[in-house]
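Each structure below is given as C-alpha cells.
The two complexes that follow have subunit A in common; it is paired with subunit B in the first and with subunit C in the second.
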Partner chain A sequence: MKRIDKEIDLEKLARLARIQISKKDKKRITKDILEIINYFNKINELKIGLSYKFFHQSALENVWREDIPKNFEANAILDQVPNKKGRYLRSPKIG
Partner chain B sequence: MKKLYHLPYHELRRKIFDKEIKVKDYAQEILERIKERKDINAFITINEGILEEANLIDNKIKEGEKVGRLAGALIAIKDNICTKGIRTTCASKMLSNYIPPYDATVIERIKIEDALILGKTNMDEFAMGSTTELSYFGPTKNPLDKERVAGGSSGGSGAAVADHQAPLALGADTGGSVRCPASFCGIFGLKPTYGLVSRYGLISYANSLEQIGPMAKSLKDLSLLLSCISGKDERDSTTLPLKDFNFSFEKKGKIAKRVAIIKELVEEGLQRGVRERFYSALEILKDMGIKISELSLKILEYAIPCYYIIAMAEASSNLARYDGLRYGLKLKEGMENFSLYISKIRGEGFGDEVKRRIILGTFILSAGYYEQFYIKAQAIRKIIRKEFDRIFKEYDLIISPTMPSIAYKLGEKSKDPLEMYLGDIETVSANLAGIPALSLPCGYSSNMPVGLQLMGKPLSEGLLLSTAQEFERIRGENFE
Partner chain C sequence: MRELEVKTLSDMSIKIGLEVHCQLTKLKSKLFCPCSSDYRDKEPNTNICPICMGLPGTLPTLNKEALFYALKVCLALNSEPNKRILFFRKNYYYPDLPKNFQITQYDRGGGVPFSSGGVLKLSSGKEIRIRRMNLEEDPAKIFYEGSITSSRYSLIDYNRAGIALLEIVTEPDMSNPKEAREFLERLKGLLEHLEVSEPDLEGAMRCDANISLMDGTRVEIKNISSFKEVEKALNFEIARQKALISKGIKVKRETRHWDEARRITVSLREKEEEEDYRYFPEPDLVPIAINEEMVKQIILTLPELPEKREKRYVKELGLSETLAKVIAYDRDLMKLFEDSLKYCNLPKKIGSWIVNDILAYLNRKNLTLKDLNLDANKLAKLAEYSEEYKVSDKKLKELLNELISGKKNFLEVLKTLKKEELVQKDEVLRIVDSVIKSNSKALEDYRKNKKVLDYFMGKVMEISKGKIDAKEVRNLLKEKIEEIIK
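Here is the complex of A and B:
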C-alpha cells in the first residue's frame, strides 16, 4: 500500500475539528497520526465487492414513539451554562 | 475475618431481608473501605446522599413494604453514564463540573429496583483507552498489584468490584471496555447484544459499537443486574423490541455443546501464561462434554484497523457537541471570536488521546479518504458480522482469552497509542458484530488474573451465563 505521508495537513484537520493545537504539540501529533493512518491503510490490501458497502448495526425499520413532552427542570439545565446573562446563554461574538 | 464488603450481592441481599444487617451500616462499611483504599483511585465522585438513601431502604424493609430486585445494592457507575444531580465527568477536564439534569435509562431502571448509586468510577477520558491511565483524574491502579493498570476503559468499575469497594458496577463497552478490566482485575463482565440495553444517557463515544454492561463478583449478581437494565426503551431507537428479561439460574440452564476457537485469536501474540491458562480452560470445557473445533477467520486480521476507523469517525461526530456554550468548561477570555473560542475550549478541555481520535476521525471522514477508510471499514464490518453468523449456525460459542496478556505495568502501553490499540484484538470483533461477550476469570499467571471470553450469537446471553456457571462449578471442583 502506498504510504500516506506528505498529504496530511494537521492545521487544516485541527481547524475542521475545531481543536486548537499548540506549536509545541504539532510535530508530535502529526507523527502519531501518520503512524496510525498508515497502520489503518492495511485494510486497503483487501479487495471487496460493492455489495458489502453499507452496514447498519440494527435492522432498518421505522421506530415510532408517543409524542409526549418530557419536562426538565429549567434551572438544572441553566445551572450548567458556563457563560450567561440572566436566563440567556452568552455566546462568543459571531462573524 | 470476612467483612460484609467481601460478600457478593446475593448473599448480602439475604442478610438484608432477614434483617440481619442494615443497608445503612453496610453502606458505612463500604464508604470506609473506599477511604482506606483511596490510592487505587477507583472513584471520581462519591454519592454524598448515600447514607440517607440507605436509611430509606431500611425503613421500607422495616415497614414490610415491597422492595425491588436490587434492594440495598450499592452500585458503582462508570462516569460516562448520566446520573441526575451527581457530577458526571467522563474523566475529562471538559466535563469536570458537569451535573446532568437527568438520569440515564439504566440508572432509572436500577433505582426502580431500589438500588443505590454508590458513586462514579474512573475511566479513560471519554472511554478512549484500554488502561484507565488516560483520565483527567489520574490512573486507576490494579488492586492486585498497584504497579499495574486495572484495564480500561471501565477500569474504575473493575477495580472497585475486585477490591470490594462495591459489590456491583456498571461499565460501558465500545471495544472491550467492560471485558478488559474484568479480565485484568479477575471479575465477571459482560458486553450485551447491541440493542439489549438502552444507551439513553450514556455519553456517546462510538454509538454503533457501545453497550452498557454489568460487572460483578459472581455470575448470579451479573445476571441479576443484566436482567434489571435490559429491554426496549423508546428513548433509544436502537434498542430491540424485547421485554421482561430474566437471566436466572434457578433452573439449570442449557449449556453450549459445540464451541469454536479461532486460530487468528489464539495463535500469535498471546503471552505464554495466558496461553497456558486458556488451554487448561479448554480441558475443563471438554470435561463438560463440550466439543471444541478450531477454525480460521482470516478477516479478523483487519478487525483492529476496522474497529478504530469506525470508532474514531463516530467520535469525531459525537464529540462535536462540546462547544463550551451550553455546559462544560469555561474560559475567561476569547469571547470576541466564536470559532476561536470553541477551538480554544476544545484544545484545553480534551486530553491528548481524545484530540488524536477526533483529528483522525476528521481525517477518515474527509473528502478523498472517506471511501478508502470509512466505507471500506464498514464493508469489512459487514463481512465480520456475516462470518460470525455463519459460524453460529454450526457452533454455540466462540471462545478465546479476553486479553492477550495479564494487566500491563503502569506506563507500559499508554505512551504508544498504536501499541495500546493492538491489545484489543480479542475483544473488538464482538462490538463490530454486535454480539454478546462475557469475560470470566479462568486462573492466574504471575499472580495476576487471566480472563476467558465467551462470545455467542445475538441475544444468547442466557447461554453464555449458564455455560460460564457450569464452567465455574467444574473448575471449583477441580480446585478442591
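Here is the complex of A and C:
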C-alpha cells in the first residue's frame, strides 16, 4: 500500500468547508485526515472499477413516490432555528 | 499566430453554448420530498419539511412524475435516456443548501447523465446539439438585509430548496447571440408544449452561457435572468473579447457574472474547481432502471411536436410556410388556431388573421393573447359569417381589428357585418340593373346565345372592380335577364 505521509493542504479543505482551524488543532486534524485518506487508499487497492453495483448495498431499484403534495408543520422546524429574522433563517453572509 | 493576424476581427468564428436550468413547475411536489412545489407568493419557509431541510435521519424519495416529465423532454429532443439513472452528491458549503450538498447527477466517477445527445432545430434549419440533460434539486433563495455589498447576513427562504430542476446543456453550436436567444425561445415553447413547465414564471427558467472566439479561450457567463439579457450579455462579451484580442491581449479563461444594472460582465472571484465539489454517489437513493415499457408509455403521452405540426399545417391545411412556422411554435397561437378549427373549417383565413392581424396587434401594443377579449369561438364565427355575408376583405379586416382592439364587441361587429352586406347587396343590384339597361343589344343576343351572360358578367365585375362575389353576380344577372326577356 502506498502511504501518504506528506502534508495535506488543510487550509484549502478548511476554506471549502468554510471553517477556521486554529494552529493548535491543525496538527491533530492533519493527522486524522491522513489516516482517513490512507484507509481509503487501502480500499482503492481492490480492483473493482467504478461500477454502480458497488454504490448501493441493496438490490433495490425504482423506489419512488407519487407526485402528491403533503405539507409538513413548517413552524415546528422554524421553532428549532436559533437565528431568524421574521420567517427567514439568518446566516452570516458568505461572499 | 500569423493566421490570427491576417483574419479581421469580424471574421472571427464565435462559439456559444448554453446551460439552461428549468424548473418542472407543473409538478405538484418537490423532487425528493412531498412538500408543495407551489412556492411563489408564499410566506418564506412554509413549504419545508425535515427532508428538504436536511435534518438528520431523513431519507429522500424520488418523485416518479418528475422522472416521467424529464423523460418526456428527452424524447421530444431526441436525447437518449440512460438505462440506469444514478444520483450524486455535489458538495459545497453555502447556505442555499441545507444539507451542504445538492442531489444532482454526474457524468464521471462511475455516474452517467440523465440522458445524452439530442438536437433542437432553429427556424433556419440549423441543428443545435444537446450534450446532456440532468435532473437535480433547486437550491434555496437568498436575500440580503439592505444591499448585497453592505449586508453582513443572508436571509434564507427554503421554499425553493428541493424543487425539481432540469438541466439542459448544449454543445457550443450557436454562432451568434441571436441564435442563442432563438434556441431559448424554442426550448421554452417546447417545455410549455409538453406541459412540464411554465418558463414564464419568475425564476422558472435560468441560463448560463459559455462563449469562445476564434482563439478558443472559453469564458462562462453566469446569472442571466431572461432571454433578452442573454443576447445583451453575449453581445457585451463578444465586444469585450474582440477589444482584448485587437490589442494583442489574451482572453483569460474565467467565469464572469452578468451585471444587469450596469450592462456589463464582471469577473467572479474564482469559485470551486470541479474536483472541489467531491462528487460521490448518493447512498440514500437507489438506482432507477429505465425500461422499454416506460419509454413506450411516455411516447404515447407525447403531444404532436412543433416541427411535425408545422409540416401538417402546410401539407394538410394549406397554410403558407411562414404562417405555419409562426403558429406551430407558439403555444398560445397554436391553441387559438386549433380551437378555432373545431368550430369552422377555414384554416387559411384563421391562420392569416392570427398572424397578420392578431399577432401584429399584440407585438405593436406589447401584449399577450391573454390580454385580449378574444376566443376561438368568436374568431371562428366571424370567419364563417364573413364567408356567408361576402363582405369585402378590406371591411372585414377593419372589423377584425376593431374586435381585437376592443373598440367594438363581438355583437357590434356582427351587426356591422350584416349592415355592410345589405349595403353591398344594394350596390350589386344597382350595378346589375344599370348594366342590363345600357346593353339592350346584348340582351337581344342573349335570346339566341346564353353565353352572352359572360359579357354582362364582365361589365358588372369591371364596374364593381371585382369587389363582389362573382357567383352571386351571375345568379342575380341570370334571374333579372330571364325575367325581362320572358
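Just so it is clear, the second predicted complex is superposed on the first by the 61 of 95 C-alpha atoms of A that agree within 3 Å, B and C clash if a C-alpha of one lies under 4 Å from a C-alpha of the other, contacts with A are read in each partner's own complex, and residues count from 1 in each chain.
Here is the rule we go by: a residue touches a chain if its C-beta (ideal position, glycine included) is under 8 Å from a C-beta of that chain, and two chains touch if they have at least 3 such contacts.
For clarity, every value in this text was computed on a predicted model and none was experimentally measured.
In the overlay built on the shared chain, the residue A:G86 is in contact with subunit C alone; subunit B does not reach it. By the document's definition of touching, both partners, subunit B and subunit C, reach A:I94. Contact with subunit C, but none with subunit B, is seen for A:P69 once the two complexes are overlaid on the shared chain. Of the two partner chains, subunit B is the only one touched by A:A14; subunit C is not.
Contacts of A:I77 after superposition: both subunit B and subunit C are touched. Touched residues of subunit A were counted for both subunit B and subunit C, and B has more of them.
Of the two partner chains, subunit B is the only one touched by A:N44; subunit C is not.
Common to the subunit B-facing and subunit C-facing surfaces of subunit A are residues 16-18, 52, 55, 58, 63, 65-66, 72, 77, 89-95.
Subunit A contributes residues 8, 10, 13-22, 25, 29, 32-33, 35-37, 39-40, 42-44, 46, 48, 52-55, 57-58, 63, 65-66, 72-73, 76-77, 79-83, 89-95 to its touches with subunit B in the complex. On the subunit A side of its complex with subunit C, the touching residues are 16-18, 49-52, 55-56, 58, 60-72, 74, 77-78, 85-95.
Residue ranges of subunit B in contact with subunit A, taken from their complex: 84-85, 98-99, 101-102, 194-195, 208-209, 234-235, 237-238, 240, 302, 305-306, 308-309, 316, 320, 323-330, 334-344, 346-348, 350, 352, 355-356, 358-364, 366, 372-373, 375-383, 385, 417-418, 421, 434.
If you check the complex, the residues on subunit C that touch subunit A are 27-29, 34-38, 43-50, 53, 55, 61-67, 84, 86, 92-95, 109-110, 143-145, 151-158, 269, 272, 276, 281, 283, 285-289.
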